[in-house]
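You will see chain A twice below: alongside chain B first, and alongside chain C after that.
The block that comes next holds the complex of A and B.
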């Protein structure tokens, strides 16, 4: 699966270890380790990965939204 | 006593004339009358016998017709009873089906209402949780907790 841009959102800046883990994860899923880090307080906690039109949401805001949508 | 031939001949002729006249004028009409009467009696007997036979036939036919009519009436009555029983069964079944259908409808409506109420409650609860969590996370969560949340999220994504 080839993607142009991968954005990883979090509330606070990612640590080196976390960046390493994310790179490994992206390599496994998209075949690339490159990503853009973005701070987004709206996600409340956790991370959200945006790869072109695909979204992997493991943020607290996403979970709360799921709960809200029940 | 003298036997005179001419007188004998005269008597013979006289007797013959009288005999002929009687035969012609009396015997034949009477005989004819008697034959006609006998014929009439025979005809009347025949007519009577015929009438009696007809009467017997009519009686027999009447009996058969009555018997057949009774049988037909019994059959019609039996059929009407069967139809009435069948109709009763059908009406009962129809009524039961309608009651069951109405009951099912009511149950479905009730279930739908319950589900709707549950969804509404869940939604309201989720909104309340969301509002509380939003406020708490906005103010109270520190960097360490955020880092832990990120690690946890990464583990989830790795599993997905």
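The block that comes next holds the complex of A and C.
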């Protein structure tokens, strides 16, 4: 599976260690380590990764939404 | 109290599985006229429900390499270009339970009658492939419309698809509604789908059905003229989805689509806005499939599959009696026959204004009661002869006695077939009246009194000879001794009433 763009969203800038962890994860899943960082306060916490049009949501906002749908 | 509430809340929260999710998302790139285009959404399915922005839902109908065309289903206020579009992984469905009987709902299952929400028991998919060949069985049980002209000459069976076609104001809806009224106590659930009708008409229809006690076994699905084209497009599929819920329970269901012309127009609007290529009369190429896949869902299942049935009565409105227009010819070819209503007949006082010559039922005669068959054959002949002679007799004043008698007979039979739409008649009474007319018991009655005679004769039979009507209803055909009794009763009744001669 080849992915063109990967965007990683977080509320505060990621630390060097976090970046390394994410890059390793992306390498395993998509075969690439390159990603764009984006600061997005709307997600409240955690990270949200957008690989082309597929969204992997591990953010606080996403969890709250899941609670709302219960 | 408070602590127990808190602990139950805690329990719920503990039970909640909050895990990272994976979903297909996109960005809305343009939007207008109830249509949105979105980029991304790589994994969206055809006909999938998608969420636009925070709380607007849409239906993904055009899947292209560079974008997805989405038809909006709810209010589009607050949407802006750049909003996120999220796939839900759900195909469009309607929430149904037994509670839906007696209610007025929109095609998405929202209640429109101001009463409590419906407690959903199961979700029925709006788009579904019709039952296959193995599951089906031929039509053998009649669906009595209560309308003499139809039950006698264009019989409808349970599981049949019979088109009602005619110009505006010729009584198309009345036939559908009259049929619903007649299903009281017949173990048939009725679904009336109003597509692009006036809201006043839907309100009036609901009131009529309620007053007649018909809402106890009916559901109304309404997508009125002021609703979006998408809602109108979905309405008939929602109607048949509700019908399928009851079909699964092995019940007989009657669905009336009023009307499919407006449905085709709504679909044309959507297709043009989605920039699909247009064909004849600007309808898209798949407008035939639009109606065929809907009407194919009418069926009679065999016992292994529950034995229920869905009877469909689609209505088509013609312009200036043009049945060779695109949509009418399509639907005529899909259905198992049509009831053709004519403005000329309507205006000359024939109600229901059915053109018997052009109306047919291709499968219903297998389901017709034997007793009705016994009397209807003769009536058809009487009427055909009458029409032929009536056209001929216009040119000559002196006719021989036999011709005159045939004309008199025909005129009376034709009058007997007139009937107010909201007074459906039980089949045994229909048989008795038609028997009387075709066997000459009404010949001596003056034409203008025929209706009075009919009402009084039925009263007389019900009061003094209930056994005759019971026998016709119970036995599949008119037994010899019943016929003898009926003859005697009619003769003595006619002898009593000399004032109408």
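Everything below uses one rule, namely that the second predicted complex is superposed on the first by the 70 of 70 C-alpha atoms of A that agree within 3 Å, B and C clash if a C-alpha of one lies under 4 Å from a C-alpha of the other, contacts with A are read in each partner's own complex, and residues count from 1 in each chain.
The rule we apply is simple: contacts are C-beta pairs under 8 Å (C-beta built on N, C-alpha and C of every residue); 3 or more make two chains touch, one makes a residue touch a chain.
Since we're looking at a predicted model, the values are computed, not measured.
Bringing the complexes onto one copy of chain A puts chain B beside chain C with no clash. Geometry note, superposition on chain A: angle between chain B and chain C about the Cα centre of chain A is 30 degrees, to the nearest 10.
Touch criterion met: A:44 reaches chain B, while chain C stays clear of it. With both structures placed on the common chain, the touch criterion links A:22 to chain B but leaves chain C unconnected. Residue contacts after overlaying the shared chain place A:67 against chain B and chain C alike. When chain A is checked against chain B and against chain C, the one touching more of its residues turns out to be B. Applying the stated contact rule after C-alpha superposition, one finds that A:56 touches each of chain B and chain C.
Of all C-alpha pairs linking chain B and chain C after the chain A fit, the shortest spans 5 Å. Note: residues 56, 58, 67, 70 of chain A belong to the chain B contact set and to the chain C contact set alike, using the contact criterion stated above. Residues 10-12, 14-15, 18, 21-22, 25, 28, 41, 44-47, 49, 56, 58-60, 64-65, 67-70 of chain A touch chain B in their complex. Residues 119, 122-123, 126-127, 129-130, 133-134, 137-138, 141, 143, 145-147, 149-154, 156-158, 160 of chain B are the ones touching chain A in the complex. Those residues of chain C lying in contact with chain A across their complex are 12-13, 16, 18, 20-26, 39-43, 86. By the touch criterion given at the top, residues 50, 52-58, 62-63, 66-67, 70 of chain A touch chain C in their complex.
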